[in-house]
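Note that subunit A is present in both complexes that follow, paired respectively with subunit B and with subunit C.
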Partner chain A sequence: MEKDQDKLLNDVTSGEYKYGFYTDIETDSIARGLTEDTVKLISAKKSEPDWLLDFRLKSFRQWQTMKMPAWANLKIPHIDYQDIIYYAAPRQRPALASLDELDPELKKTFDKLGIPLEEQKHLAGVAVDAVMDSVSVKTTFRETLAESGIIFCSFSEAVKEYPELVRRYLGTVVPYTDNFFATLNSAVFSDGSFCYIPKGVRCPMELSTYFRINAANTGQFERTLLVADEEAYVSYLEGCTAPMRDENQLHAAVVEIIAENNAEVKYSTVQNWYPGDKDGKGGIFNFVTKRGMCRGENSKISWTQVETGSAITWKYPSCILKGDNSTGEFYSVAVTNHHQQADTGTKMIHIGKNTKSTIVSKGISAGLGQNSYRGLVKVLRNASGARNFSQCDSLLLGSRCGAHTFPYIEVDNQTAIVEHEATTSKIGEDQIFYCNQRGISTEDAIALIVNGYAREVINKLPMEFAVEAQKLLQISLEGSVG
Partner chain B sequence: MSTQEERSGRYLDFYRDNIERISENSSPYINSFRQNAIEEFKKLGIPTRKNESYRYTNLDTFFGHPYSSYFMPSEPDFVKAEEFRCDVTDLDAHGVVLINGFYPTITGKLRELPGGIWIGSLSEASRKFSGMIEQHYGRYVNGNSDGLVHLNTALASDGVFLWIPEGVSLGKPIQIVNLVNSDQDIFNQHRNLIIAEKNSDITLIICDHTLSPQKFLTNAVTEIHVGENAHFNIIRVQNEHNNAAKITHTFIHQERNSVATSNNITLHGGLVRNSTHHYLGGVGAECNSFGLYLSDKFQHVDNYVNVDHAFPSCKSNQLFKGVLDDMATGAFNGRIYVHPDAQGTMAYQKNSSILLTDDAKMDTKPQLEIYADDVKCSHGATVGQLDENALFYLRSRGIDKRQARLMLMFGFAHEVLQNINVEALRERMDNLVMQRLKGELSRCASCMVKCV
Partner chain C sequence: MLIISNLNASIDGKSILKGISLEVKAGEVHAIMGPNGSGKSTLAAVLAGREFAQVTEGTVTYMGRNLLEMPAEDRAREGIFLGFQYPIEIPGVSMVNFMKTAVNEHRKYKGLEPLSASDFLKLMRDKKELVEIDSKLANRSVNEGFSGGEKKKNEIFQMAMLEPRLAILDETDSGLDIDALRIVANGVNKLKKPDNSTIVITHYQRLLDYIVPDVVHVLYDGRIVRTAGKELALELEAKGYDWIRKEVNNS
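The block that comes next holds the complex of A and B.
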C-alpha cells in the first residue's frame, strides 16, 4: 500500500506542465534594471499623459525607500531587482483592426492555450483580453460590449480614451504606498485590463483576461482596474500561464475592484503559472496585490481562486466592506506540490454596518510543498451587526509537506459575530478502504476525495473555468494521496 | 515617550551597576548565564508591537516607567507576608509565600515535605542541589527569542525551587503565593524551577496578589520539567490591582507518556501577559492548556500559548475563554507546531470570547504550523455576544434578563473552571467568577489592604 502510494505520488510529481512552451516572436524589450529613467522610458513608450507619469514617479520614489517584506512563511531566494527586464512587448503594435493581422505565431500561442480569441467562437461567449508579457494583445467582443455601454479594453487604451475614469479610480483601492510589490507595480506597470460597467447594466457575458509570460528574464507587472457602477453586475475571469524556464520570473500584479451601490462583482482566477520543475528549479514568483472595495450599500465582491501554479505564491485578495450591508466572499483552493510554496488568504475589513463576509479556504499540500493560509478579519468599532464565517481546511498528501494556518481576528464591536475554524488532516485510510471495497481503485478514490474536498470552491467558478480547474487539480494531484 | 533604546538602556544600566548585588546569593552556575542573557537582551530589547508575538500588547506604559531599584525585602515585609491568608477556605495545601520575588528567610530557606519533596528558595537550592540545578536550569528556555525571558535570566536572583523525586505522589496540592508589596513603584523578577521526576504526581497552585497600590511590574519565568509518566498540574490564579503588570513565561518540558495541565485564571490585573510554552519531548506525551480571563475597566489580558509537537503520538488540547467588559482588551495567540516526524499527532485549540460593550476589544490569532501528514489538528475561534436564542429560551421560562445573562456567562466560563482538579479551589473560583460577573467583586473586596 505504502509503495503504491509512493508510486502514485511519483507519477503525479512527474506530471508535465503542459503550457511550458515558448513562442518565438519578436519582442520589443528595454534593458535590464530599474532607475527613474526606466520608469520614464516605459511611460514614454506608451505615450502616457503627465499625471500618469507623476503617479509612476511618485511610486518609484516611494519604492526606493521600501524593503521587501519578510513576514510571510516563505523561503524566497534573493531577487535582484536590477536584473529584471521591466518592459517587453510583442513587437507588433499598434492597432489591430482584425484578427487576421495578428502575428500568426502569437495567434498560435493563444490557440495552444485554448483561448477563444477568435470572435467567431461566439459559443464560448467569453470576452477576452489577452495580455502577453504585460502588454495587452487583443481584446475581443469590444463592440458587442460597447453596445451596452461596457468599457472593456487594455489599460493603455483606457488611459488614452477614458483618462478621467482611470484617473478617478486608479490607486483608490490599492494606494501606491500600499506595499513593496504594489508600489513596484505602480511604478513600472506596463499594461493590463480596464473594465467599467455603467449604472444598471448586467454584463451579458463573462469577461476574461488571459495572462501569458513569454519572454525570458522579464518581469510581468500588469494592472487590472474593474469598476462596477450602481446596480451593475459582472463576472470576471483571469487565467495565467508561462513557459518553462530555469530561472525564476517575477510577476507582481495589482487588481483593484470598486463596487458602488447594489453592484456585484465576481472575480475568478485560475492561476497556473509555471511552478518550476520537480527539483524546485525555475518557476514564477507570484506576488500579487488584489483588493476590492465595496463602496456602496448592498454591494458584493466575491473572489474565487484556484491556485495550482507558481513556485511561490504570495497573495491576499481582500475586501474592504465600507458600504452598509455589503458582502465579501473569498473561496480558494491552493495546491502546492514539489517545492512550491504558497502563502495566501484574504483580508476582510468590516467598516459598514451589517456587513458580511465568508471565507472558505482549502489547502492541498503534496511532495515538499508548503501551504499557508493567512487571513485577517477586522471588525471596526462602527461595524455593528458584522458577521464573519471562516473555514480553512488543509489536506496533507505525503509526509514531507506542510500546512499552516495564520488567522488574525480583530474585533472592536460587541455586536459582531466572528467565527473561525480550521482543520488539518490527511485522507483517511478508512475512506480509501471504503472506496476500494466498492471497486474503486485507490487512485480514483483519491481523485474522488480531493474533488469532493475542493468542490465547495470549484462550484463557485463559472462553468468554463470550473472544468479547467477540475482538470488542473487532477493533473496535479490525481492519486497522490494515501 | 521614551525610545526603545532608552527603555532597554535603563535595564542594561541597572544590570551593569548592580551585577554584584544581583549575583551575590546565586551559585556560580546560575550566574554563568547572566552575561550571555544580557547580551541577548541588548540585541532583542523590550518587545514592541512590531514583534509578532506581542502584536496586540503594548508594554510601553509599564516599561517606560522608572522603577526604584530593588533587591531584597526587609524583615517586616516578610512578617506582613506571613500574615497573608489565602481566602480559599477549605484549601488544604502545603504553602509557601514569595514576596516581591524573594523567598522569605523566616521559615528557613529550604524545607522538606512528605515523600522527600523539597521546596524553597532557588538561590539556596542552587548551592545545596547544585547537580540538579545544573541538569535543568536554563535548559527549557533555551532558544527563546523573547527579550523579556533573557532579561529575567540576567536579573532574577531568587524564586521557588521545587523538586518532586521519582514516584512520589503528594495527596495535597502545593501552593505558591506571590505577593507584591512595597511603598515604592518596583520592578521585580523571579525565576522558578520545578522538577517533577519520573512517575510523580503533583498539583501546584500559584496565586498572584498585590498588597499595596503602587505601580508594579513583575516579569517571572518558570521552568518545569515533567519526567516520564509523570502527571503535573499547574493552576495559576491572578488577582492583582489595575496598576500592576504581570508578565509570566512558563516553559513546560515533557518526557514520554507524561501528562501536564496548565490552567491560567485571570480575575484581575492591569496588564497581564501569560505565555505558556509546552514542549512535548517524548512519545505519547499529552498536554492541556486552559485559560479564563474576565476583565473590565482598562485591563488588558494577553494569553500566548505555544505547543511544540516534537515527537510522534502526542496529544494537546487548548481551551481559552474570556468575557470582556467596559474598555477591556484581550488578546489570544495560540500556536500549534508539529515537527516533521511527529506522526500521529492530535492537537486541538479553541478560543472564544464574549464582548459586553462596544469599547471592549478582542484580538485573536490561532495558528497551526504542520510539517507532518498523519495528524489531526483543528482550531476554532469565535468572538461574539451572548446567544439571543439561548437568552430567549431562558426568559420565556420566567427567568429575568439579568439572571439569564448571568447564567449564560457563568456557563460559558465554567467550561474552563471545571478542569480545575482541586475541589476547594474549583468551588471558590466558581464563586468568585459568579461574583465577578455580577459586578459585586472588585478586587478590593477580597484584598486585605484597604487602600481605598
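The block that comes next holds the complex of A and C.
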C-alpha cells in the first residue's frame, strides 16, 4: 500500500521545468577563473570608482582565507571556483535610448518569461528591472518613479549616478566579511538592482526585478540594495529563471535592505531557478545572503518567499531588529522535488526594545527532495519586551523525501516571549481518494491540498504574484498522471 | 444500474470479499447489513475505486459499463457517491473550495461551464438548508475538527451538492443521536429521485425506519448469506446476528 501511494505520488510529482529555454544572444564574457585580475577586470569593465574597486579587492582577499560552510544539511558536490565565468553580459549597443533598441532575442526571452518590459504593459502597474546573466538590461517606469523622488535602477547605474548613496549603505547590513558566499559576491558582483525611497514616500507601485542566467558556465552574482528612508514604504518582488543545462550553475546573490524610522519594506521572492532534471542532473546552486536591517524605530521588514527552483538552496533571509518597536517577518514556502535540496530559514535578531518577529515556514517535500528549516531567534540583553512567534510546518508527499527542522533560540532577556510550533504532515492516500471520490483527479487533489497548506504564505504576496506563485507550486509538483 | 457478479477481492493477499453477486435497479433502495468485519466497507471501497483492495475475480457493470476499469474520479463523475464511514479530514482546504472544485469537475465532465461564484454560493446555501448543516461548517477545512455527527451530515451535504445517481452510504447512521439521524435520513429521502438508487450500509435497523429499503442483504464473512425484503431487517434487529452466524457455520 505504501508502495502504491509512492508510485501515485511519484507519477504526479514528476513534472518538468517549463522555463528551460536558452536564448541565442551574443554575450561578452571574460575567461573562466578567479584571481585579483578578474576582480579588477570586472571593475574596469564597469568603469567603477576606486572606492568600489577597493571594496571588491578587500572582499576577494578575505574570500581567499575562507572555506565553504559545511554546517548546512546539504550534500553539495565539489565546486571548482576556477571553472566559472564571473562576468557575462548580453552584448548590445551601449546606452539604450529606448526599448526599441533592445536586442530582439533578449526581448523575446523576457516576453517568454512574461516580464512586462514593454511600455504598454506598464498598465500592469509593475516597475521591472531585468537582469540577464550579469547585467541589468532595462529598468522600466523609471521616470514615473523619479517624479516622487524614487530611485529604481540597476546597481551599476546607481554607482555612477548616486555613488554617495551606494557608498553610504553598501555592506552595512551584510559586511564583506560576512560569509563565504557573501564575500565572494562582494568581490565579483556584476549587477543587480538599487532602490531608494525618500522620506515620507509610499512607492505607488510594486517594484520588481527578474533575474535570468542564460550563458553557460556562468555564475550570477547580483547585488541588491534597497533603502527605505523615514516613513517610506515599498513592496519589492524578485523572480528568477534559468535554462536547462546539464552542468550546475552557481548563483550567489546578496540583498541588503535598510529601513529607517517608521519605514516599511516588503520583499517577496518567487524563486524558480532551474532545479535540475528528474535524475538530479544540472540545476542552479543557489547560495544567497539576504538580510534586512530595521534601523529605525517602528520600522518593519517582511520577507516572503516561494522557493520552488534550484538544485540546492542555501538561504536565510534575516532581520536585524535594531530600532525600538521594529518588526521582522518571514513567510516561506519551499518545495523540494526529485533530487532538490533546500536548507532555508531565517534569523531574527532582536536588539531594540519591544521588537516583534513572526516566522511562518512551510516546507513541501516530494520525490527524493530534502527540505530543512533552519532558524535562529536571538534576543539580546537590552531587547526587553521582545516577542517572537515561529510556526514551522512540513508536508511530505511520499516516503522517500525528507523534512528537517533546526530551530535555534538564544534569549538573553527575561522579559522576552518566544514561541515555537512545528508540525509534520503527509498527504495521505486516504485524502487523495476522498478527493477522487468527489470527482477531483489526483493531480488536482494534490494542488488543492498544497495550495491550502501554503495559503497563509501565498496570501502575503502581492495579489498579481500570488496567482503566479500558486501556479508555480502546481507546476513544480505536478506532471502527467497515468 | 449496477450488476455485481461473483466479486472476489483481497487486501494484502487476504481474501475479504468471496463471491458477491447482486443487482441494484434504477430507483431501488438496497440495505446491506452484517456484523463488523464482514466486508461491507470493503465492498463500498471496491465500488468507489479505492485501490487498496484488489479484485481477484468477478465483474461489476454500472450503467452498462465495466466499472472496474474506470478511475475513481470518473466513477464519481458518472454519478457514484460514497458516503464514508470515516470521513477524511483535509486541513487547509476549505469546504467551499473543496466543493467548488468537485462541482466544477463534475460539470466539466458533462461539458458544462463552471458555475459562477454567486450561483455556486446559492447552491451551497440551498443544500445546506436541506441537511440542516451549520453554515459555519462551510468555511472550515474539510472535516477538520468536525464532531462525528457533523462529519456525517457533511457527507450528506456533499451528496446533495453532487446529486449522484447511485449513492452508497456506509454506516452514515453510526454515531448519530436520534435528531441527527432523522435529519440525515430526511436529507437522503428528499434527495431521492425516481431513477436514482441508494445502497445503505448499516449495522442497525433503526435507520431503515426512515429510509425504507426495497431489498435487504446480509453480508457475512465476505458473502451475501441472505437477501429478502425489508422485514429481514426487523428480524435481524429482533434476533441479532448470532443466528445468521450459526446457520452459516452449520451449513
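As a working rule, the second predicted complex is superposed on the first by the 446 of 482 C-alpha atoms of A that agree within 3 Å, B and C clash if a C-alpha of one lies under 4 Å from a C-alpha of the other, contacts with A are read in each partner's own complex, and residues count from 1 in each chain.
Definition applied: a residue touches a chain if its C-beta (ideal position, glycine included) is under 8 Å from a C-beta of that chain, and two chains touch if they have at least 3 such contacts.
Everything numeric here is computed off the predicted structure, so don't read it as measured data.
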Handout entry: Which of subunit B and subunit C A:Q431 touches, first, second, both or neither
Key = second
Exercise for the section: Check the residue A:L53 against both partner chains and state whether it touches subunit B (first), subunit C (second), both, or neither. Expected result: neither
Practice task
Classify the contacts of A:I76 with the two partner chains as first (subunit B alone), second (subunit C alone), both, or neither.
Solution key: neither
Handout entry: Partner contacting more residues of subunit A (subunit B vs subunit C)
Key = B
Problem - Contacts of A:G402 with subunit B and subunit C, given as first, second, both or neither - result: first
Practice task
Answer with first, second, both or neither: which of subunit B and subunit C does A:R381 touch in the superposed model?
Solution key: first
Practice task
Considering only touches as defined above, state whether A:I440 meets subunit B (first), subunit C (second), both or neither.
Solution key: second
Practice task
Figure out whether A:R455 sits in contact with subunit B (first) or subunit C (second), or with both, or with neither.
Solution key: second
Practice task
Determine, under the contact definition given at the top, whether A:E410 touches first (subunit B), second (subunit C), both, or neither.
Solution key: first
Practice task
Jot down the residues of subunit A that show up as touching in both complexes, subunit B in one and subunit C in the other.
Solution key: 425
Problem - subunit A residues within the subunit C interface of the complex - result: 1, 4, 425, 428-431, 433-442, 444, 448-449, 452-453, 455, 482
Exercise for the section: Could you please specify the touching residues of subunit C with respect to subunit A in the complex? Expected result: 12, 48-52, 71-73, 75-77, 81-82, 84, 87-94, 97-98, 101-102, 105-106, 109, 141-142, 158, 162
Completion exercise
subunit A residues touching subunit B in their complex are 71, 73, 381, 384, 394, 396-426
Completion exercise
So, in the complex, the side of subunit B touching subunit A is made of residues 52, 56, 340, 343, 353, 355-358, 360-385
